[in-house]
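In order of appearance the chains are A, B, C, D, E, F, G and H, and numbering begins at 1 in each one.
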Amino acid sequence: MKLKDIAKEEFYRASYGCAGCAAVLMVRLTIKALGKNSVYVVPANCISTVSCYYPQAPFFVPFTVMAFAATAAALSGISAGFRRRGREDIHVVGLSGDGGTADIGIQALSGAIDCGNKFIYICYDNEAYMNTGIQRSGLTPYGAATSTTPSPCFENRPKKDMMRIVAAHDIPYAATACTSYPLDYMEKVVKASQVNGPTYIHILAPCPTGWGFPPDETIEIGRMAVESGMWHLTEFENGEFRTTYTPKRQRPVSEYLATQTRFRHLSPEQIAAIQKEIDAARD
Amino acid sequence: MNQKRRLEEVRWHGRGGQGAVLGASMLGSAVALYEGKYAVSFPSFGAERRGAPVQAFTRISDHAIRTRSQIYNPTTIIVLDDTLLDVVDITSGARDGASILINTRKPAGRLPKIPDSLNVTTVDATEIARENIGVAIVNTAMLGALAGVTGLVSLDSIKKAIASTLPEKVVDRNIAAAEAAYKKVGGK
Amino acid sequence: MKKEKSIPGPVQKAGTIPTRMGSWSTAKPVLKGKCTFCLFCWVFCPEGAIVQDEANRKVTFNFEDCKGCGICVRECPTKAIEMVEQQGDK
Amino acid sequence: MATEMSVRKYITANEAVAQAARLARVDVVAAYPITPQTSIVEKIAKYIADGEMDADYIKVESEHSALTACMGVRMAGARAFTSTSSQGLEYMHEMLAYAAGGRYPLVLVNVCRSVALPWSIWGDQQDAIQQRDTGWIQIFTETGQEALDMVLQAYRIAEDHRVLLPVMICLDSFIQSHTEELVQVPDQKTVDSFLPRYDPVVTLDVDNPYSISVGGFGKHYARWREEQQTAAEKAGEIILEVGDEFARIFGRHYGGLIEEYRCDGAEAVLVAMGAFTGTAREVVDEMRDEGKNVGLVKVRAFRPFPVEPLRKVISPVKAAAVLDRDCSWGYEGALATDMKAALYGLPNPPAILNFIGGLGGADVPPERMKYMLEKALAADRGTTPHLEFIDR
Amino acid sequence: MATEMSVRKYITANEAVAQAARLARVDVVAAYPITPQTSIVEKIAKYIADGEMDADYIKVESEHSALTACMGVRMAGARAFTSTSSQGLEYMHEMLAYAAGGRYPLVLVNVCRSVALPWSIWGDQQDAIQQRDTGWIQIFTETGQEALDMVLQAYRIAEDHRVLLPVMICLDSFIQSHTEELVQVPDQKTVDSFLPRYDPVVTLDVDNPYSISVGGFGKHYARWREEQQTAAEKAGEIILEVGDEFARIFGRHYGGLIEEYRCDGAEAVLVAMGAFTGTAREVVDEMRDEGKNVGLVKVRAFRPFPVEPLRKVISPVKAAAVLDRDCSWGYEGALATDMKAALYGLPNPPAILNFIGGLGGADVPPERMKYMLEKALAADRGTTPHLEFIDR
Amino acid sequence: MKLKDIAKEEFYRASYGCAGCAAVLMVRLTIKALGKNSVYVVPANCISTVSCYYPQAPFFVPFTVMAFAATAAALSGISAGFRRRGREDIHVVGLSGDGGTADIGIQALSGAIDCGNKFIYICYDNEAYMNTGIQRSGLTPYGAATSTTPSPCFENRPKKDMMRIVAAHDIPYAATACTSYPLDYMEKVVKASQVNGPTYIHILAPCPTGWGFPPDETIEIGRMAVESGMWHLTEFENGEFRTTYTPKRQRPVSEYLATQTRFRHLSPEQIAAIQKEIDAARD
Amino acid sequence: MNQKRRLEEVRWHGRGGQGAVLGASMLGSAVALYEGKYAVSFPSFGAERRGAPVQAFTRISDHAIRTRSQIYNPTTIIVLDDTLLDVVDITSGARDGASILINTRKPAGRLPKIPDSLNVTTVDATEIARENIGVAIVNTAMLGALAGVTGLVSLDSIKKAIASTLPEKVVDRNIAAAEAAYKKVGGK
Amino acid sequence: MKKEKSIPGPVQKAGTIPTRMGSWSTAKPVLKGKCTFCLFCWVFCPEGAIVQDEANRKVTFNFEDCKGCGICVRECPTKAIEMVEQQGDK
């Protein structure tokens, strides 16, 4: 895929999202990747909230808001319904936040993967409950301050490894991505759409409001996440993991952490510990 | 509603993240904690995000405030960002004689037309905030200006409210901004 | 569609956008420098507010949608875009 | 009727429901096991496995997902079925309100069972009653036959464009769900003529895209809610209409929102819902034989609540004994409350006595029904004695 | 009172609640974020982080788990706190009934919000009302002060060995939860004297082991349920008792299960719950000034439902206008129904008018309250006009 | 641990469980392993149903019945409550079935592991919803007939790999076991009780009623499961998996399948396919 | 209850898994589908498991059966397993003159004492089942015996009910068992 | 414990077993052969119905609890236990 091959048509505009929101960018890229033969299920989160209030309807394709815990079950049902109606050509896509995926939605997700219907479940990960004002989720990284883990007590549990969790379900296809690498992401979305079964894509989507950085840095910060090893671009297919992108330069994580107010309180020792974890994972 | 119990109703206009809600709150606590009055303050809530035009409100009275309804007819309107003048009808519902305080570097004359029945004051709070606080957060400067142009609250109470609300390390700078704005609009 | 009027329940025709988000921004991107048509700004713009002219490949900004985030400015490899502050007088 | 080729089967009400799901040509079944509902879905799974039914069975991991999946099926424009009980109904509570406010024309069969705590796998109606404010049309049935017939009617009611609300058909557990009796199982062709294909009003249509299940503030919100209430009230009429048409085709009629049994000239009536109304008929007959002027009011539709029919039948009587197999703790039985409110304002109001019984699977034998009616016969108009628990 | 050293703070009702949780010395807080409840737990998290509060904050993955964790804390003999709103309250529905039937003395603060669908993060009382049959004591509050005071009282009520039922303290969203006002925050010592340590009746005690939360059939089951109902009714007395003691110590009294505001000689009263009763006071004052005999009945306890107090205050009036910020779809507002039932049987019954409004965050401004009262003044005794939606 | 060292006291008797029930045996062994300083949370399943109906109270130690989906959250709360009361010495134990673990309880489990409180979560796996009459669960193995997957349509999805799922949560300790190896199981329970954090033990518990075999074969069938490679005895600790027992002889899976009516309908090809999966996993 | 509408009420005693419920069901379908009568049948439900004593019921009438209450005073009692006689009071509530049919190899005299007002018949259905069906599932044999000793149902209807209820491949053997038991108790 | 009587709600004293399960079984294990005291029967008995005499190490069966599953019979390495059918006459 090349930039110039991407559809020019815009299918998502004028949402109430923050300026510089990577999640909004994620929606835009997703629909471009799949085209208008796709329908979207979005549970309670930033994306649904900034897209669902009458009379504003920023999705130009079919979209439905779902209860917070219910995304994957809805995907399963829609997929079965379309199958019954001979419309397997329509892509059934979930756009769920980290909270809606790793916490309250994990059961429905686990169940839907087990059930085996065809859908694409996309988890856009901004590492906290942003819609309700920056509370910690199961995907908030160690060290981050949120409104429920305010410093000095900050988040003291590691980030749940959703990729390993869905891989443990023997899902036919899963991948990680980041909004700073749009082509990589869109290719993965297209790949997922060609699988006849449940698929999962986990995309890191930096949030200027929740992480504490200026809106214009959204892309740069996603890049730093990958380059520092805080995030990886991978695929899981046929039971195997694979890295799809290895950054040319590896940056120290301190640079990444320094860009965001949520990490402001970390001591050099704590930062060193995070760096150590990253280095250990690399080996 | 009840004429004998006159309510002062203040509407704040700002953009998400500019501090309108905190401004409304500091005004309320200033009169309630330090002037023996009653006050309530509350934001308007929407699904909008940072950057969106937002409102906040302060209701002030000499008597206990029991009403929980919205403010439709403000007696004072505070505008934190003059770019809002193009996109929001800031005078909507204003009572006759209401005071309007706008943060702008432009003189009143160069602003969009505002009905004559309203008393407009402008102040370059952004400049004052930049100078005194170092960032363009204008709510405390606007509170100082408010004390300067209306009898709603004293500068002294505003200073106390700032001191009891903001993090210690920024208190002095914000008090300085309030004072500067107070003076700028002719308060004494 | 014939049922348009009578659809009950909380639904809305897709792509109805009575409120445009341009009003949220206090700054606007402006193309000032040399553009190489790389489309980085375009792909990264969360709002889809950048449009490439099919004929001359020039990028333009749709200020009805632009929220002024500045991403295009920052991501343009040639630094061709600049942000211009608004001051309440368009 | 001439063409109706039904088959008599000796089956439980649960199996009757499974037959109805088959006959309704549902596309997708999504359900989760729970006693005493389970045999419904087991039968359906069997029909599918045996090729007698052409549907997909979605294996869900909970009832929250079961109902959600059904909503998904509806959004794709197909017909769905689910059933549950007790904790399962509670576990889908969020989605119940979601589906009703979203105007999803779902059909759910609830086999009424106690809710924990205390645990009990046996019957009362607390589970269904606890959902009375969620916006579902709730219809209680007495027999296997009525259960089958009402599931078929439920699809007509729910999918009627004047209604578009989810319908819950309630069965009583064990005494109905697991009791075998003769049931007429209609033939597919006749059912097809009664229940046409699903004609959705809005779906996730890529050619005519909509945002579905959105939100609104204040007056937008209130408008949708007012429409919802109007539709729920309208459903009362549609239930009658569909019931009449059903009777024309199948020859069985259940009397509308309520059924009056020997209420003519009754001094006292028993008011009840569900399968125990069967026992009550025997009791009424017996007491009538003894010269006592008693009758039975079987409440079939609990939502929409049949205010007018109840006012009409109950105002002339001296007293009504209301049997609640539920309780709104800290108040009284829900049927009693709703009834009193419906009868409010009558100039010379009947006494209303509230009995709470048949909880946690307790039997309500004929003697106890007699006891309630005797008490009602002895009551003075206008009185409302404190509720009485009768399972002792 | 002499020793009470309270501090005046200008805070929201949500922060007042957080202060109450701190003062109640809760051991463990388990809660999940949802607008507009979130700032309660954010404040608590902050107090803990700042060392102002000595409690554990359990990070749960949903509200179902939040309430369950609180039950676990209780089983271990410690004190727990949780709060939620809307979908969150719905999502814990199963556990709500579970906790009440199991006689768990929990305290939950619900910041009342609409429930989806349609989506709305704004206020009405549908969420709390939908739980009216789960067995919780439900108390609605008007101000930040009342919210704080009632959370403290809630622990006393819930833990009273004559009650042992969970208590839900309801706040209205935004107009109360997010509105800053003056609140007296009492000192710890005085609170300690009012609210002693938790004295559990049964725990998971390895030295004296019990099977807790078990099941039963028929009459065993019904006995527990009857005891539960008795306790729920008893709670009405305990609420008064605790309220009186609170008043003795803290000098603030809210009038028991209901509060009558200028009802003496009233021809028409407005009946309402929650924060809008504040506005209603203004309206009543104003109309009284205009010579109109109107009053306000603020319903504080929705469960146990205050039947006797309501009969007493409302029977003399000609008409009552009931404002419901909820609806039992297919019937009417729940407060209206419950009220009519409470007043059932009066010889010359007041008219009861049901208005549904303030839905999805809609304001109920003074004019609309006046409108309701005027309509009530014009109504004839004994009439019950069809419900009216007022958010237009 | 040796047989003679095991506590002689019985803490669980006279349940309403079926004769020959391995789940009942599991309860007995668990309490013996932990002693009377332990409390038990049991959600809706066979064990709670056969133990909770008044006036019968077969547990001689504190026991509470929990809602089906809520086990792990209750453990978390009890654990926190005991910690607040200075009673960290009490073991807080969940006994949940496969359905209550892999399906409806998986979210609470995931959340509670994330939360980090100390507890022992035991999943006794009888490979279906037995309490409600043998319906398929996420842990029903491929090929089994149940009442919701009746033959000829039998269960066509693989068994969820709960061990990998909890391991993906970086749980401090997890293990698999089988009631036919009681010492191995009890040692694992004791080990779990010494960990200061969440732990998970997954024990295969053959069910004569649901699997279709005579009650006296319960132990033998568990043994065959392990010897045929349908089940493995493993541990997960410090991020690593380890096999704790390798059967001396490896039996063909056909022998195992032949013992149970639930597999009766399988064709030789299907049995061969199952054998192939097992062989593949062994490598 | 209503004497004019006499109800036959049959109570089955067995152990979980022995087929009492299916027996009650086949009896009901025999009279309802093949004798123009009305019937309902239902199990008693408990939390107990396989091996536990269980009950099942069949109610038969010439008129539609509307009552949903339990059966407290059976007119016929069928016992599938004589080990139950030691642990269950099988005659509890029996109406005067009720028929009791017990599967046992012992003569009536060697069983625990049963009130004289009841008519006891014993039959070794286990043996009959083993011989005819190959396994000790006795419900069909007991149905045959029931047809033999009471007028409740005809052997013919029982055979039809067996044919329409059981899997095809075991129908003949079960019919044979029913017939054998029928003959054994003297039915003709 | 003083509160014994007044505990409200669905609770029951742990280890209350009014119904013994012996009645469920129609067969009983009997020790007939040579016992090596290996305790396999004991550890595998789901019901805890096997008791070892502390003094002479002999295993005996508690028929109040034994459900007659036969596991002990099958798992005894020396085949020392046999199952005896009951026929309604203990």
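General observations
Assume contacts are C-beta pairs under 8 Å (C-beta built on N, C-alpha and C of every residue); 3 or more make two chains touch, one makes a residue touch a chain.
Bear in mind that the values here come from a model prediction, so they are computed numbers and not experimental data.
Minimum number of contact steps separating subunit A from subunit E: 1. Counted by C-beta pairs in contact, the busier of A-D and F-H is A-D. For the pair subunit D and subunit G, the distance between C-alpha centroids works out to 34 Å. Distance between subunit C and subunit F, defined via averaged C-alpha coordinates, is recorded as 56 Å. Work out the mean CA point of subunit E and of subunit F, and you get 42 Å between them. Distance from the subunit B centre to the subunit F centre is 63 Å, each centre being the mean of its Cα atoms. Residues of subunit B in contact with two or more other chains: 46-48, 51-52.
For subunit D, residues that reach two or more other chains under the stated contact definition are 59, 61-62, 87, 91, 94, 98, 101-102, 116-119, 121-122, 209-217, 220, 224, 228, 361, 363.
Residue numbers of subunit H whose C-beta contacts span two or more other chains: 9-10, 12-16, 24-25, 67-68. Residue ranges on subunit D touching subunit C, taken from their complex, read 101-103, 161, 164, 201-202, 208-216, 224, 227-228, 231.
Put simply, subunit E touches subunit C in their complex at residues 117-119. For subunit F in complex with subunit G, the touching residues are 16-19, 21, 46, 49-50, 52-53, 208-209, 215.
Every residue of subunit B that touches subunit C in the complex is listed here, in rising order: 15, 48, 51-53, 81-87, 104-106, 110-111. Chain contact summary for the complex, subunit C toward subunit A: residues 10, 12-21, 24-25, 38-40, 42-48, 52, 64-65, 67-71, 73-75.
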